[in-house]
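What follows is a pair of complexes built around chain A, which joins chain B in one and chain C in the other.
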Partner chain A sequence: MTQLPAQSKKKLGLVIDLDTCVGCHGCVTSCKGWNTQNYGEPLSDIDAYGADPSGTFLNRVFSYEVEAPNKPAQTVHFPKSCLHCEDAPCVTVCPTGASYKREEDGIVLVNEDRCMGCGLCAWACPYGARELDFMSGIMKKCTLCVDRIYNENIPEEDRVPACVRTCPSNARHFGDLGDPDSDVSKLVAERGGIDLMPEQGTKPVNKYLPPRLKDTLDSAPPKPLESVSEEPKGWLGWLDRALEALPGSNGKAEDK
Partner chain B sequence: MHPAPSVIIFTSLSGLGFGLFAWLGLGIPDVYGWSSFAVFFIAYALSVGGLLASVFHLANKKNVIYSFSQWRTSWLSREGVMAVITLLTFAPFAIGRIFLGIDLAIFGYVGSILALITVFVTSMIYTQLKAVPRWNMPLTPVLFLLYAVSGGALMTGEQRVAGFLIAILTLVQIAAWVLGDARFTGSGTDKGSATGLGGLGKVRVFESAHTSRNYILDEMVHVIGRRHATKLRTIAALTIGLFPVVLLLMLPVGHVTSLTALASHIVGVFISRWLFFAEAEHVVGLYYSRG
Partner chain C sequence: MAMDQTIYRELKATPGVWQLGVLLIAFIAAAGGAVLYMEHHGHAVTGMNNQIVWGLPHVFAIFLIVAASGALNIASIASVFGKAAYKPMARFSSLLAIALLAGGLAIVVLDLGRPDRLIIAMTTYNFSSIFAWNVLLYTGFMGIVAIYLVVQMFRRIDYRIVRSAGLVAFLWRLALTTGTGSIFGWVVARPGYDAAIMAPMFIAMSFSFGLAVFILVTLVLFRLNDRPVGEELLKRLGRLLGIFAAAVLYFVAVQHLTNLYAAEHIAVERFLLLDGGVYTLLFWGVQVILGGLVPIALVFLNPSRSSTILASVLVVIGGFAQVYVIVVAGQAYPLEIFPGYEVLEGFHEGVVSPYTPSIWELMLGLGGVALALFAAGLGAKVLRVLPTNLSDANVAAKG
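Presenting the complex of A and B:
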């Protein structure tokens, strides 16, 4: 039902490292693949091979430039999916009871048999994490790969969300953010993990690790090398001019 | 936000319909028989018609029945429940007046209160959304209620009362536009907080996540027509308010005056409701917008 659970002890979620993400969109593709071939309505594409293709995705990667005064701009790749908020506004607005937050692990899900496709949950989400599928008319969102993480039919190393499993730069981490001793919680504490739009009051479970500060030189830069491009003088200078004057050399001498 | 015709028609018509019900329940106008049938027909047609229009907004209509279930948390669910209760409460009142020539006043009074609650609940569907700062202010429900009672008064033929209410409505609408303009920057949400990178410096979009449009852009990042907003606001203020007020308060009472004012007012209601959606900026736009 659309009442939020008092407090889910376990808070499964993702920690995304903006320092190591290379913006390859591998997580976008593996997410689309898994969530089209498995639980729920497939993530459809419209005009996939035509001039104006569009489609439903649960995870998308933006790229931003950040520029501090008097410093070069820095590129930051920014994957964005459902943050499985503790105070999820998308859940409470749902009129049909299709949207719910699980008490046992805090995952926010959509019951596709009840969704009427009104779109109000997508309006309520400040992050743009929910997309209404054009073909099925059903609201789609990140399930945290609920059909992988508890799935005993797949090898243990695969029991993480598809995006985490596929990330080649190890920028995505999955775990229990409600447990202060979990690897992900330690990572967040160590790297100063942050919430997106904290002022919206959604209390996201997913955290983002900000890019590490750029290195700065801690001593004076080394003296530049002596210039070697001066015009030769003396005997070498005479030789240079003499050879230049002979026919057959490149450039000006030939033209004369 | 995308100004979908279905939601514009829904909020405009059902607002007018329930606004008319609020007056009818008080016995204004105090009519029976065929005259009563006419006014109740208009009230039911507007409110039910508006609700039906809202169904066209749904992408998966077969599950619409479940929308009455989550009234504990969802304003949209409450809207459905309240609308049905209000329409049912008015049924004995209307039947009494039309067919039996009796005034079951208690149903009317209760119904009037329920009609106003229904309009309030409709407005809360939008007011509750923190992600749309322009809607997320106390003036939004006040505005919806004023639209309903002034439009309703106009339809009952209470010319002077309607003129007075419409004058207040126009001032509140202008105030809502002006205050609404400052809401987005006042919300404290910007590109820096959206990406969490604001502490490092100025954040710019380098590359969007997708090259074509998608549901999020179509639904929540509507920018078409905003450049005409000032002109449309002026036209709306004239047609909702100034023109009807002049007619209603300065001309002698009569059907022609009332109907002309009503026609102008309804045009204005549709324009201002289009602006209500088209001008509303959703914070998700920050992930996409340049600058």
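Presenting the complex of A and C:
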């Protein structure tokens, strides 16, 4: 029987800053690249340059229009991938035990050799974070780049998920959310990081940092700036007066 | 207990039987071709997508699986509830139940992403998964009903053994349909499912669909061999079908009323009942009116042979529409991650997912139906499961 592991001390996950994400889809592209060229079966691309492209992605970015009361509307870009839930329903519903959660670091994975592509885990996931790959016939999901973060054959600075490494606006952060002293945990505490759909009771490890409210104009008109210039003196004063006296300069001479 | 004087004979190979057999084989072959095509090109050639991972083949499959347990009704009524009038049909009822389940399971297996890995599901059980339980329930049903059929066919056997086997089969079929309904009822993440009433509703659906399929298949086989079926018997079966169809409508009404009471399900109810387009049309037009109210009115207001036949056809059509709405509409309705907010750009996020079944899916589904009917017909051809006479005089003599 596939059981969820007892609470693991280490909880690797992502912290995604919705305030700084610019929706460039760099993480999507980088994720697709790494997970197609490396571990497991490649992620499919069907009719990629045609009229109706489709394919499998482990990470997608959605853009929402958000309008707080009495505030101007703002666009919030929302990257979505597996949240590596502590109480992952996708694991418990899997009939073959192909879906599992690692005890050592809490990463939720699919054993691609055991998945028969029944699709039930895709139903069970309230976030829609699992995709059935139509070419390989098996379920695909974010692996948190498990073949990268422990990979001693690549430089140490690269041992983070591909999406984190590539994000140009530093909106994605990776670390141990089970350690209250980790950078990601501090970031979550400082910025009020939230769970996605907490009412589902899945206890996601990944956290989202909410967007800050944008600056707005005050209702009172701005005060006019006070002049800091002084009357010119000396030669500059004579030149100024001479120029003012010329015909056409503010109409002074012509008026006479 | 009334003595069983019924004579059972194999189906005679009339030209009509051969023609029907060839037609069914053609459908099975077409389904085989569709499976090969989908295997070669991947499910991308189907109408399915990341949101809708169960499409038309699963609608056929679930309909057959649900109907399978209901097809056993007649045998259960005879053995468990002691109604001797139903006893002559009990053997074929058991055989049809096995055949329908085989057809449905064939579709499910062939529509898997990796059908070759079915062996993993049959050798590794994750008991926290309702699917794993269903694997046991389906295989168990096959075995138990097969034993039940065999004991019914023994010439000299203590009837208590038949009754005991019938009771086990009856209880098992209740568990089986509970398991099928729970596949949907236990999916908390989808607002279109997530309802405990799914399990009893599926039991009511199985009673109704299974009886309708049993009536139609039995009548076709009897007609092919010119065996008589009594008008009164058909009226009786029609009334029973009407009661089952009413029970389905009752559960459907309770399900939707309960959902309307829960704030988190109001949006999906609005989608299903009011502005879901084809799904709303299927729900009201085909499921409720054509497949529910009309057959009930037919069998109770104008009981006759033709009313029972027409009601059975309509219940099958309505039942298919009901399963389509449950399976496809439940997936098409979007996940609401940020309720009330509009998605400006995304991959069908926050909007109703489009789904148009492909011809390959239709071929696979029809092939499963053909397989079930072929298996039932073949069973009737080689086994003595069909009585020679179901005329009212003959049935009345048995009580």
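Note that in this section the second predicted complex is superposed on the first by the 214 of 256 C-alpha atoms of A that agree within 3 Å, B and C clash if a C-alpha of one lies under 4 Å from a C-alpha of the other, contacts with A are read in each partner's own complex, and residues count from 1 in each chain.
In this section, a contact is a pair of C-beta atoms (placed from the backbone, for glycine too) under 8 Å apart; a residue touches a chain by one contact, two chains touch by 3 or more.
Owing to the predicted nature of the structure, the values given are computational and were not obtained by experimental measurement.
Superposition of the two structures on chain A leads chain B and chain C into a clash.
Touch criterion not met for A:G40: it reaches neither chain B nor chain C. Contacts of A:P210 after superposition: chain B is touched, whereas chain C is not reached. Contacts of A:C115 after superposition on the shared chain: both chain B and chain C are touched. Of the two partner chains, chain B is the only one that A:D195 touches; chain C does not reach it.
Touch counts on chain A: comparing chain C and chain B, the chain ahead is B. Once chain A of one complex is fitted onto chain A of the other, the partner contacts of A:P5 are absent, as it touches neither chain B nor chain C. When both structures are laid over each other on chain A, chain B collides with chain C only at 165-173; the other stretches in 39-47, 165-173 or 219-227 stay clear.
Chain A residues in contact with chain B (one complex) as well as with chain C (other complex) are 1-3, 54, 56-57, 60-66, 75, 78, 80, 89, 92-98, 114-120, 122-128, 131-132, 134, 136-138, 196-197, 200. The part of chain A that touches chain B in the complex is made up of residues 1-3, 18, 28, 52-57, 60-69, 71, 73-76, 78, 80, 89, 91-98, 113-120, 122-128, 131-132, 134, 136-138, 194-201, 208, 210-211. Listing the residues of chain A that touch chain C in their complex gives 1-3, 23, 44, 46, 54, 56-57, 60-66, 75, 78, 80, 89, 92-98, 114-120, 122-128, 131-139, 196-197, 200. Residue ranges on chain C touching chain A, taken from their complex, read 42-44, 48-51, 53-54, 112-115, 117-118, 120-121, 124-132, 135, 183, 186-190, 193, 331, 335, 337-338, 341-347, 349-350.
Partner chain A is touched in their complex by these residues of chain B: 1, 57-64, 66-70, 72-77, 80, 125, 128-132, 187-189, 191, 193-197, 199-210, 212-216, 219-220, 282-284, 287.
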